[in-house]
Each structure stands twice: as structure tokens, then as C-alpha cells.
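In what follows, chain A forms one complex with chain B and a second complex with chain C.
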Partner chain A sequence: MLKILKYSFYDLMRSRWSYVYFAFYLLLGIVLLFLNNDLSKAVITLMNIIIVLVPLIGTIFGVMYYYNSKEFTELLLAQPLNRSSIFLGQYLGVAFSLSMSLILGLGLPFIFYGLFKSNAIWDFSLLIITGTFLTFIFTALAFNIALSNENKIKGFGYAILLWLLLAIIYDGIFLMSLILFEDYPLDKLSLIGTMLNPIDLSRTLILLKLDISALLGYTGAVFKQFFGTNFGLIVSFIMLTLWVIFPVFRIVYKSKRKDF
Partner chain B sequence: MINIHNLHKKFGKNIVLSGVNLDIKEGGIFAILGPNGSGKTTLIKSILGMVIPNKGTINLLGKSIKNNSDYRNKIDYLPQIANFPSNLKVKELITMIKDLRGNKTTHDNDLINQFKLEPFLDKKLGNLSGGTKQKVNLVLTFMFDSPIIILDEPTSGLDPISLLRLKDLIQSEKSKGKTILITSHIMSFVEEISDEIVFLLEGQIYFKGTINELKEKTNQTDFEHAIASILTENHA
Partner chain C sequence: MKNIKVFFTLFLWLLCLQMVCAQRIEVCKDCGITSLKEAILKAKDYDTILVKKGIYKEYNIQIDKPLTIIGENYPVIDGELKGEIITIVSDYVTVDGLFIINVGTSYTEDYAAIRVKRSKHFEIKNLVLEKLFFGIYLEKAEDGKVHNNKVIGQAIQEHNSGNAIQLWYSKKISIQNNIVQHVRDGIYLEFSDDCIIKNNVSTNNLRYGLHFMFSNNDIYENNEFSKNGAGVAVMFSKKIKMYNNVFKENWGTASYGVLLKEINDAEIIGNTFEENTIGINIEGSNRIVYKNNDFINNGWAIKVRGACYTNQFVGNNFLYNSFDISYNSNINDNVFDRNYWSNYTGYDLDKNGIGDVPYRPVKLFSYIVNRTPETIILLRSLFIDIIDFSEKVSPVFTPDNLMDNNPLIKKIP
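This part shows the complex of A and B:
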């Protein structure tokens, strides 16, 4: 698996897209710092962007990489390598290279701005960790979609639909259901609803840490009340980890049963 | 060497293989023939583990290939269409495959010489012509010393000189006692090179034996006509 990871990573590091992604975050970090002139505020703005953008790029990039490396995959399948190591290697290659672009692209401007001397360092680290989690989650989901769909156009369609659903539509439906059923106790429902969407979960996680009640919203408030800040953090991390593990398991399961 | 028992495979509603039984002994050149869509590539890919059969077993050197990947160390495979990652250089691809198969002794340099590939080593695979890609494909296949060689349409896109070299190469591998499976649509090539043929028809083995046996069975003096007579008999 490590050999495949190495070659996938190496392949991606040479591709233009990793640099575009890196440059984009670099620029974003610089612009935000200059506009906000304050580390903590920049972290909040960044959160709102990361939570929507990282999943989008993870999904699109994951699907794109899978379809583009079809030839490479077929070449590997005829070699004495087992399937799970081929696909896990490729998945980790994509996820690592995307995470690296994110970490370096955002990290560098914040470090130069004096991150290590400020007390926003923990908030910022949490933001980066969440971003990395989201990258791993959505790349894995993208690989799942691509493995299940031979047709590229369908695959891309489902990938974008998935992102749209989790990043935008989910919140809408969730809010509607809260309004519709406002006569009933909704604490549990909203807790579960938050856990089932990694994007919502990440948002709650960061806001819990930043301790901005105004931005926390109903679910965040319930979350905080129910778990308290520290326990809430732990629970959300466990949920995020599960969100990585399940799709990865499905990659292994699917890849073992697929014909090439 | 290769034992296939009651192999079934369908893709959706399309039944490709329905109960293939095949025993291939060690040593010699076996041609797998059949009309388009008769399941030649599916059969080969099942042996390689790229296609997972619905039913049936495949044993290679006495061991089942199910849930196993190490056995592919014993096989050199030439895919039908040379699709390589297009942003890799020829040299890098060769090094990569060597690395992935573990550092075994290889004769890639001899083969590069034979097929005159030196000028292309630093070129990207995406920029090569179809024939040159096929030569790279051949180098990748023949550079290892495995007891089984599987060639899916090895002649496609090759110029006459390279074709001659390929034939020599196949013969020299055979003389080392290897088992070679070939699919091809070029009957003269098959007739010249193969010891035994396996004829697939509608997902089953219709005939297995030497070319002379096939000629006797069909009452034809010519190999191409013998094949044609099987097809007309079954489709007329």
C-alpha cells in the first residue's frame, strides 16, 4: 500500500491542480489576514469558507482522480498487489496531497503573521484539523461514488449532488423540520441531525471551541448544553473519525467485488 | 498448471461465460480463439483476478486464486489496449513496475534495445504513437521471468519488424519451458505460433486441441477455413 501511496502522491504533486489549490489557500489566507487585521476574526471567516469549500474540492478532486487514473489502476491490478492496498493507497495519496495543500496554504500566511505568538493558535489548529478531517471524509465519499459508477458523467453528477445535499440542502431541510415540529421536544433530533452531517458537525465543533454563542445556532446550543464544551469536542471528533472509517470500509468492500 | 472448473460470469443480463472447463498443461503456446464477444478477454481477466467470476474455481499451480494476489508474481500479462498513465515517462513507468513487483532480475535493457525504444525513454507515455505504446507494453510484459505469460492481442499496432521480433521472443520464452496464452484475431499468426488452440463459442469451450485435430474435425485443409466453418455451422 505504501508504494501505491508513494506513486499516487508523487503523481499528484506533479499535477498542476495541487499547486492551484495550494495557491488558492495561500491567497485566501493572505487576503483574510489583511482585511481582518486580526487573527481570531480571520479564523472565523476562514471557518465559514473552509466548511463549504473543502468538501467541494475533496469530492470533485476525488472523483476526478479516480476516473483519470483508471489506466493506472488497471495496470496495477495485473500486478501482484491486493485490491484493498491499490485503492487505499490511491485514496490516501489524494487525501494526503489535498490536506497538505490546505495545511501549507493556510498555515504559511498565518505563521508569518505571528500565529505562534497569538492565543488564536489553538483555534487555528482546530480549524486545520477539521479541514483535514473533511478532506479525508469527502475524498472517501468521492471514491465510493466513483467505484459504484462506471459512467463518469453520472459519477460527477452524484458527487456534486452529494456536496450540495450535505453543504446546503441538509441545513434547509433540518431547519424546516425544526420549525414544523416545534411543538415537540427536538433536542435529541437536532443532536442526531448534526451528527449525521459531517459539515454541520465540523461547524459545531469549531464554534464550540471558539465559544461564540451568537453563531452557535440552535443545534450548537443544544450540543453545548447536552455535552458541555469539552465532552462535546470529544464526541464530535469521534463522530468525524467514524465518518472517515465507514466510507473507507466501503471502498475496501466495493473494490474487492468489482470487475475491471 | 492452470485449471479452470465450471466458470460462470455475467455482466448484468449479458452472460459471457457459462460453464468453462479448461486445463492447461505446463509448457507450450496456447491460443484462445473465438468470435468477438465470446469471452476471451473475460476468461483471461478472470485468470488474472481482474474479473470476479460468479461461479466456478480457478487454480493456478495447484492453488486457488480466490482472495489471493501473490500468484500474479507468476504471471506476465500484456493487456489488450495499452492504456498507461499519460503523464509518466517511459523510463519512470518501467522503474515503477519493477519496484512494484519487487526487485527481481529483469531484462528490460535487452528488450529496449530489441525494440529500439531508447529515443523514447524520456518521452511521456501520452505522446507516444499506438505502436510505440504497444512496444513499451511488450517490454513491461517480457522483462520479468515468470512461468506463465498471457498476451491479449499482442500484435495490434506493431510494424512488420517488431512483429518478427515478437515472434522470436515468444519462441525463445517457450523454449525456456514457459506456458504462454495468446488471444489474437490474426489467424496466420496463431497458426504459425501456437501448439494448441482453445476455441470459445457462446461462453463455452467448443474445441480444444491441436490445429491438425481441428482441421480433421471440420474436414478443412486450411486453418482459416476450419475456423470459418465452425462459425458458419453454429450461426447459419
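This part shows the complex of A and C:
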């Protein structure tokens, strides 16, 4: 598995897309910091971008990589290799290279700006951690989609639909249902609703740092316990980890049963 | 030589003071007089009582003649939780440099560490009060000074704790440089007019850092209020002036930087509101001028609840608040002009420092959160940004004339 991981990783490192992705984040970081001159504003903008863009790129890139390297995968399958190690290796290769582009691309400008001396370091590291989590989650979801669909066009379609669903439509439905059931106690429902969507989950995680004063404005014991203590942070991280583990399990499961 | 000269004159002057003007009475464990009560009993008008270092277990000390009481190296007056400690009922009393502890707690009477009753021209300064029920209680007092005191309570519940500095029907009082912590209300004014409250620090109080009701023409300057249970409440008062105060980290469901209720003709200028759940909560307040304030990282910078007319918001900085302004009605009669909004996305083509597109500070989402508070969890979601944008393009739910026509491009320094 490690060998395949290494191979996928180096393959991606040489590819143009990784550089484009890296350059994009680098440029973004530089523009935000050096033209804006305001760290807290930069962190807020970055959060918006990370929450929307990282899942999109993760899904598209994952699907693309799977379909592109399909022939190579079939070649590997002919060898006496464990199936799960082939697919996991590829998955990890993609996820690692994407996360590296993200971390380096955003990290470098911030380090040059003097991150270690500023007190925004915690906000920033939280951003990077959630960004990495999102990359791992959405690449895994993308591999799931690609494994289940032989048809490339269909696979891409589903991938974009998945992103659209989780990034925008889910929140719309969520909001409508909260307004619809406003006569009932909703604090538990709203927290559970957040847990079920990794994008919402990472958004909440960042909100805990940035908008804690607004979040505490709501009357509700469950909210208060969730946001007022470290409980929320811990639960969010556990849920994010689960969001990585389940799709990865499905990759293993699906790849073992798939007929090539 | 010079030193001797100075010493000599001082000595002569003291001698004069001793013989002609007033007497000096010393209180200490080994002196003739061992208690403050005894000293007051023996003293004549305008005498000075010097209390030496030591522990004096006394309560119900009544000062009924114009005296100056000075503590040397902070002598401790221990009330042993039996009741009120010092009561001033005479004019021209000065109390300076005492350490007063263990005020009795009662559910029927407001025991205070030091109470001023119907007196004028008093001075209470450099006191340290600990383990108290009420701290300094001014009752129908006038023309007094409360300076440089430090009040540290240990309030846990609202119903059995008192306030640090309380004014009731008092006039022309100056409250300066005090530090109050861990009590119910830091500074509480009721029916008290023409007071000056300056350079005080009020933190970690159970309820309000500053609380005032029915008090007119008061000035608040350079005070700091932070981490109080409910922030600062200003109610039913006229012509209040609040300048350069700092309101910080008042977090909670009913927590405000400042809560304004039924306030008219006030001036709120140059204050800083930082990291409060609600910066200013306005209800039924008219003709207030908000100028040059900084609203930084608040949940809601300003929450307008209703019945607020002809208020002016001019030249304020709104920086990174989750919501700049929340409004619960469709009608707007307040003026927003020349503020800096960090969320403003317009442009300035003619380079005059004023954005060419008006800014709408009320978002649709704040309207939704007002209706269904749980939706706060969707803050900063992409979907919310989209509906906010569509509301911005064509306002339906938010007042369409509520906008800043001249939003500034650069932050006001």
C-alpha cells in the first residue's frame, strides 16, 4: 500500500494540477494578507473559501484522478496485490497531495507575514486542520462515487451534485425545516443537522472561534453546553474523523466486491 | 538647612492645627483609645482620627459629627458578619485608607460596609472592601466624592448579594478611579442626578457592571466594563453622556455591552464595544447620538428592538461583527451616515473616500435569526450568503430606507 501511495503521490506531485492548486492558494494567501493588511479579516475570508472550495476541488479532483488512472489500476489489479491496498494507496496519495498544496499554499504567505508572532495562530491552525479534514472526506466520497459509476459523465455529475447538495442545498433545506418547525424546541435538531454534514460541521468548528459571542446569544442549555465549553470542539472533531472513516471503509468494501 | 526650615514650618503648622483648629486622636491597640467607636465619641467637630495598623472588630459605627478618619497602613475593620459597619450621618466627613471586611448579610436590610445617609460634602477614598454585602451605599447624599476605592466581593447568587457602589436619591456625586469586582451590580444609580463616573474598572460582576435607573444628566467617562453577567444597563433616564468607555466580553443570552431602555437625548461618543454578544441593545430610546464608537467582533453590534426614533449613527467603525445591525420592524426613522463597515463591498471611483454604493447594514439573515433563533447555527453558510445577497439587491423583509448613503472606505482612526 505504501508503495502505491508513494507512486500516486509522486505522480500527482509531478502533475500540473497540483501546482495550479498550490499556486492558487499561494496567490490567495498573498493577496489576502498583503493587500488587505488585516489578519482577522483575512482569516474570515479564508474560512469562506476553504469551506466552499476545498470540498469542490476534493470531489472533482478525486473523481478525475480515479477515471484517469483507471488503466493503470487495471494493470495493478492483474498483479498479486491486495485490492484494498491499491485503492487506499491511491486515495491517500490524492488526499495527501491535495492537503499538502493547501497547507503549503496558505501556510507560506502566513508564515512570511509573521503568523508565529500574532495571536491569530490558533484560528489559522484550526482553518488548516478543518481544510485538511475536508480534503480527506471529500476525496473519499469522490472515490466512492467513482467506484460505483463506470460511466465517467455520470460520475462527474454525481460528484458535482454531491458538492452542491452538501455545500448549498442542505443548508437551504435545513433552514426551511428550522423555520417550519419553529414552534418546537429545535436546539438538538439543529446540532444534529450540523453533525450530518461535514461542511456544516467544519463551519461550526470555525464559528466556535470567530463568532462565539453571537452563538452564545441563543437561549438554550444544549447550545450553551455545546458552544460554551470544549465539548463542542471535541464532538466536532470526533464527527469529522467519523466522516473520514466511513467513506474509507466503503472504498475498501466496494473495491473488494467490484467486478473489473 | 532647607530641610530643617521646611520641617520647622510644617511643625509650626501642625502645632497650630493641634491647638487652634482641630485635634488629632490616635487609635491603636496600645493607645488610650482602642476602638474607633470610642474615638468618635471623644472627638469634637472637625477632629482627625488616626487609626493605626491592627484589627478592630467593630460594627454599627456611627459618624455623627464632621470628622476625618484616616487609616495608617490599612487597619482592618472587621464587622464579623454582624451588620452594617460604618454609617455616616453628618456633613463634612472624610474616610480614608481603611480595610473593611465581613459585612453582615441580611434579606430584610441592606447592610453596607459604609453608608452615607442624608449628608453633604463627604469624601470616601482609598478604601479596600472585601467580603461584603453592599459596599458603599449613598442614601440621599449630595456633593460627595468616592475615589480610589477597591471593592472585591464574592457574589455567587443574585438574591443574596449586594452592589459595590450604590446611589439612591443622591446628587452631584463624583465616582472616580474605583475598582469593583465580583459583586452583584458594580455601580448602581437610582434616582441620582448630575453625577460624574470616571476611570472606574468594573469587572466580573454577577449582573451589571453599571446599572442605572431614573438618573438624569450623568456623565460616564473612560470607564471599563468587562466580563459582567449582563454588561451595562441604562434605563429610564434622560440626558446621559457616555464618553470613551470600554465595554468588553459580556457574553451570554441576555448580555449586552450596553442595554438602553427608555433613554432620551443621550450622547454616546467614542466608546469601544468589543466581543460582546450584543454591543448595544436599544429599546424605546429616542434622539440619541452615536458618534465615533468602535464596534469590534460583537455578535450583534446594534440590536434595535423597537420604538426607537430619530437616533443618529454617525462616524462609527463597525468591524467584523457577526451582525452589524438587527432590526425587527419595517419602518426606520434613524439616520446612519458616514460610518465605516468592514463588511462593505462597494467601490469608490471618484476617490473621495466615500463609497459610491450605499451600504445596507441589516441582513435578511438577522431577520431570520430574530424569528427563529436556532438558525444562528447556519451563520456564514454559503446558502445564507446567497439569500443575503438577493435581499440586498431587492429588499423585502428589511427596511428599504435603512442604509448608509455615505459609507466610508477607510477605517476612522
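Convention: the second predicted complex is superposed on the first by the 241 of 260 C-alpha atoms of A that agree within 3 Å, B and C clash if a C-alpha of one lies under 4 Å from a C-alpha of the other, contacts with A are read in each partner's own complex, and residues count from 1 in each chain.
The rule is simple: contacts are C-beta pairs under 8 Å (C-beta built on N, C-alpha and C of every residue); 3 or more make two chains touch, one makes a residue touch a chain.
Every value quoted in this text rests on a predicted model; they were computed, and no experiment measured them.
A.B. asks: Mind working out whether A:D11 is in touch with chain B, chain C, both or neither, as first, second, both or neither?
C.D. replies: A:D11 contacts chain B only, not chain C.
A.B. asks: Have a look at where A:K3 lands relative to chain B and chain C in the superposition and call it first, second, both or neither.
C.D. replies: first
A.B. asks: Look at A:I245 in the shared chain and tell me whether it touches chain B only, chain C only, both, or neither; answer first, second, both or neither.
C.D. replies: After superposition on chain A, A:I245 lies in contact with neither partner.
A.B. asks: Please work out whether A:V20 is in contact with chain B alone, chain C alone, both, or neither, and reply first, second, both or neither.
C.D. replies: neither
A.B. asks: Could you look at A:L76 and tell me whether it touches chain B, chain C, both or neither (first, second, both, neither)?
C.D. replies: The answer is first: A:L76 touches chain B but not chain C.
A.B. asks: Does chain A have more residues touched by chain B or by chain C?
C.D. replies: So, of the two partners, C touches more residues of chain A.
A.B. asks: So in the superposed three-chain picture, is A:R257 touching just chain B, just chain C, both, or none of them (first/second/both/neither)?
C.D. replies: Touch partner of A:R257: chain B, not chain C.
A.B. asks: Should A:R203 be classified as contacting the first partner (chain B), the second (chain C), both, or neither?
C.D. replies: Only chain C; A:R203 stays clear of chain B.
A.B. asks: For chain A, which residues belong to both interfaces, chain B and chain C?
C.D. replies: Looking at chain A, the two contact sets are disjoint.
A.B. asks: Which residues, counting only chain B, touch chain A once they are in their complex?
C.D. replies: Touching chain A from chain B are residues 11, 45, 48-52, 69-73, 75, 77, 79, 83-88, 96-97, 99-101.
A.B. asks: For chain A, which residues count as touching chain C in their complex?
C.D. replies: My answer: residues 40-41, 44, 47-48, 51-52, 167-169, 171-172, 174-175, 178-179, 182, 186-187, 189-191, 193-194, 200, 203-204, 206-207, 210-220, 224.
A.B. asks: What residues of chain C sit close enough to touch chain A in their complex?
C.D. replies: 249, 251-253, 255, 275-278, 297-300, 320, 322-323, 342, 368, 371-386
A.B. asks: Please give the residue numbers of chain A that touch chain B in the complex, ascending.
C.D. replies: 3-4, 7, 11, 14-15, 69-72, 74-83, 257-260
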